[in-house]
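Some structures to go through are shown next.
Both of the next two complexes hold chain A, though its partner changes from chain B to chain C.
And then the complex of A and B:
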């Protein structure tokens, strides 16, 4: 029982981070029909931006996260601006463009921060909570609550604000949205910026739990992408459920299948996607090509 | 007009010369006079690039010193760097490239998996290779052209088991290791050392090299209440395992090989969590001997950063290569391999005497991590 609960703690914490990454993938996909392959690298830039600012200035970690979100949001805007001329013209080229941006960001990180990487001291220095032998590091609780808060704010934005509603409209039918006077380009730019901001949040939160280096985005990107697929690509609730489900799957596979855990995780993932190609929250796929 | 025609002809000639097939431009053999071409293959990008960059700095330092001192009997050494990206597939491509381009020897790589992939090609091409890999599988290849600049995991873990069990009397020992080339080598070697002492581990968890969340594996280990937790993984992963272990309330002593003697391990784990970790390594610290102190000072002057084991063993390997080249007068192939095997050197990592499997160092020392630095443990 203790092993089960302890595994649950780890799974949910990493799942919350995967959910944030998956939401970033999804918000861009539902608005533009585009998979942003640079997303993993943006997570890495976010982790670097937050940890570097945090360790250099000793400001509260929350402020460092806000700075990281601003920095990567800007990167998101730049990527969208570069891709905009291709929108509705050459979809494949846009896709390759995002892969290229990912490589550029990784190489840029090596130039700026070097290849070695750095460890980030935990911003919450209290002892882990002990609940009947199950230990919960306080920082894990911070990660889970911040992720939940961000998810709530995003849902409010999409459903309750005019801009959010406009983004929803573009996601549903961009031609009709244009007809009623919604600026599709601006809506896309915002999707990219929000996606990048979510990536930064995920990166900055996971930084103190891992080791920040230029290649850390690879695994996080792939697992976040798989989480988005699992939940239903483009669906926001799907991203959350997919993220947590993937985190749990990963954690329990590690305990039960040892070195074959990765194999088992992705095998289960493949089977689920084969049975339900549209993921758990099977939203109709957006196809804008 | 006339002069213009001449210049066109000259340009054409130059272009022709530039088109000479690779490998022919550099002369090799005893009578050659051009520079001696040595390849340094190491990861300069990717997850393991920090290792690759340290290794390259160590190699470069040794070669530059040799060149300044007159090179190999008057000939300079030309050191060229190739990026293996820490990827075995890239490694095999590089191996073909260096054999096609006339390199007579290779230094690197820092990853056992990459070296294992390159070894058959280098053996066929008769290019001696001094690697920084430590996997026992390297020695098992018994390639006459492959040499290690450090002990294998067998030596690391035998010394560790001797200290933990024979000297300290610990009996409840748990293992956690990854299934990569380095981790599985550590796992097998430590398990064999335990077996020879009739100790059965209370837990034996295997993780993947990419794994970041060890809650599940560590919770199972915690149930057994081990006195010692052996960690067989690279620097960052060892650090993460140590950190998460303490978060879970595991009070065991951490023990492992060279990765746990690095600052990357101590920083990732957190200084408090890394405190007291037992490290088995041939190179414990920059203050271990006068020879090492002098080397560390020289390294700091050249690169303005602290020396470490990876730098030192790359330097040792390059120095052995230089010594062997002096004996063959710059000739490569079988002759160079035999010369390397004959080199006896009091290096930074210990006394090198190569055996038939290409292993040169046969002992490590025990150190304890204190404040993020390794302090030699006085034999009790």
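And then the complex of A and C:
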């Protein structure tokens, strides 16, 4: 039981990070129909930016995160500007273009930070909480609450502000949105910047729990993507549920299959999406002739 | 064939190449050829068939590891292990391809990538696969008593395999199968309606991917005689993808050029690999944005730039040459029977207990306000939707819920409201797709009896010429549809449907966007099609056309049949008048009907 609860806590923590990554994927996907395969690499850049700034200047971790978000937001804008000619046109090409950007970011990280990576000290230096024999690292609680807060803010932005509403409109029908005077390009750019910001948040948070290195983006990106798919691509609640579900799947696979956890995780994932390609909250697509 | 003549000097040069190379360069070339085989496989699956397969490098690994494991752990000889390895990677291809039956594009990309990661995870941890250290003592392959221990000797084995693999890939892309794969890539719905068995075609793409991956893996195991997980990781998958994109994904030769070029660049930049990766990434992004067809497409892009300044001869749509009249088979069996069909989308009832019967040789009009369920009815009859209730019969045979390709092979052809021509295929190829009536299970001939395929292709070509001439499209045969005026695109779609020699032709708003003269020609074409022995059902908003063309008319409103009869009967039916004009309008007078039917 204790092992179970311990795994559960770990799963939910990583799940919260996957949910952030998945939300970043989803907000870009729903506004511009672009699947951003570079997202994982943006997460990695975020992790590097936050940890480097945090360790070099010793400012509070929160400020380091804000810096990381600013850096990746800019990168997001650049990627969006480059791929704008392909928007709403060729899906496969855009997808490959973002894979290309991912490679650029990864190579850039190797050039800037070296290939080996570094460990990040935990920014919360208190003892783990002890709840009926289950030890919960305080940092895990920080991760979960920050992720929840970011989710809440994003939901508020999308539902309560004019810009958020405009973004939703673009997501539903970009032509109609243009017709009512929304600048689709600007809205897309903002979606991309927000997505990249979420990636940086996820990267900064996961830095102290993992070893920050240039290839971490690949795995994190794929897991976040898988989480988004599990929840239903483009759906915000789906991203959250999918993220936590994937975190749990990952944690329990690691607990039961040790080194084969990745194998088990992706096999289970493949079977689940085979059975339900639209995910938990995804809408059933109807073939239109 | 003449276009491939340049391959002869290339082949001779490749044969003589080892004489001018040092030991290390020979090794580099030998590895480059392995990547070229992989790239051809990825080009076939991704470029030609449009399946985003990010597991190609795993198929490569499966081939190499199977050889290594069978040789070192089970005492197999190299060549028997190679044959088994090829089989195993094909099985792997099929397994990885199964998700493609349910999902496409980015979904498929992420699932195949996940499965590739699962493979790397297994080989890094399984004792039988030598864990992270890999397997290093693969025996030297012996061929005709010759030990292929040096890259020089092995190069010739590779060259022969590569030549055969390339020839087969070119053969497939230029055959009816390749055309169907490309059609599926452009628009799988329309391809299905033309008789392409989409699930089987997707599996075929993944089988091809497995074959090429396995071949490359076997050669790799024989050449390097050492396998380790990092040779099959995601970075190499990206390199492979870059090769295919930069070379031109839809062109097999482009993929080969991309692979050889990038393999050479990779070798030159081995000491600064981070810069090299940065370079590939940037080049991929630039290619995607500015030259989406890659190196292979550059000559064409260049030629188009030049041609813009020259003046081309004005192209003209020729007259339609009517079909010969054929008496309708008088067995009296109805061609189409729709019985009590209801279609619900979640809460919305699009069709509510719709019945209609069309006897042979009739032109039946289906009219009704927008949203009345006309196209939904077509989608049910052509197999895109399975009705929630009710039955559809073709000549008495129950076909409710049959897949589009089955209905197509049974003689149901359709056109689409918004035109669904294959944009990357020219007019002739669009028509050839309609002519190709083979089941996909016919494809075993590609491996077994390739000369039969050539014969079949020639027969199709002759019939395509006939149809192109009949529909007056000779001037446009080599143009891609999007370059043509709308009216001509409509005619191409009708010609494509008629290429299927249908017994039932469904036309969805064939006159939309046509001018008066084109509408007149359309009426003439449809009448001739009926006279040739087909039965026609037409959805149309152009009342003048419907009234003059159709023998009987069915009127739909809000998913229900509200009237059926001859044009004159329907035009004055009170329910129809109400549906179109509202209650307050008076019923039209007899003269108005005459006006409309004229």
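Couple of notes before you dig in:
The rule is simple: the second predicted complex is superposed on the first by the 276 of 289 C-alpha atoms of A that agree within 3 Å, B and C clash if a C-alpha of one lies under 4 Å from a C-alpha of the other, contacts with A are read in each partner's own complex, and residues count from 1 in each chain.
The criterion applied here is as follows: a contact is a pair of C-beta atoms (placed from the backbone, for glycine too) under 8 Å apart; a residue touches a chain by one contact, two chains touch by 3 or more.
On a predicted model such as this, the values are computed, not experimentally measured, just so you know.
In this superposed model built on chain A, chain B and chain C take up the same space, so to speak, and clash.
In the superposition on chain A, contact of A:90 is made with chain C only, not with chain B.
When the shared chain is aligned, chain C comes close enough to touch A:273, but chain B does not. Of the two partner chains placed by superposition, A:66 touches none, neither chain B nor chain C. In the superposed model, A:262 lies in contact with both chain B and chain C. Once the two complexes are overlaid on the shared chain, A:16 sits clear of chain B and of chain C alike.
In the superposition on chain A, contact of A:110 is made with both chain B and chain C. The partner of chain A that touches more of its residues, comparing chain B with chain C, is C. When the two structures are aligned on the shared chain, A:229 is found in touch with chain C, with no touch to chain B. Looking at the shared chain after the overlay, A:210 reaches chain B, while chain C stays out of its contact range.
Once the two structures sit on top of each other via chain A, chain C runs into chain B at 98-106, and not at any other stretch of 8-16, 98-106 or 224-232. Common to the chain B and chain C contact sets on chain A are residues 110, 115, 219, 259, 261-262.
If you check the complex, the residues on chain C that touch chain A are 46, 50, 52, 98-99, 102-103, 105-107, 109-111, 113-115, 117-118, 121-122, 124-125, 189, 193, 234, 238, 241-242, 245, 274-278, 280-285, 288-289, 292, 345, 375, 378-379, 382, 384-385, 416-417, 420, 508.
Only residues 2-3, 6-7, 9-11, 13-14, 110, 115-119, 121-122, 128, 130, 135, 137, 209-211, 213, 215, 219, 247, 250-252, 254-256, 258-259, 261-262 of chain A touch chain B when the two sit together in their complex.
Against chain C, the residues of chain A that register as touching in their complex are 35, 37, 82-83, 85-86, 90-97, 99-108, 110-111, 115, 218-219, 222, 225-226, 229, 233, 259-263, 265-267, 269-270, 273-274, 277, 286-287, 289.
Residue ranges of chain B in contact with chain A, taken from their complex: 44-47, 49-50, 53, 178-179, 205-208, 210-220, 222-223, 236, 239-240, 247-249, 264, 267-268, 270.
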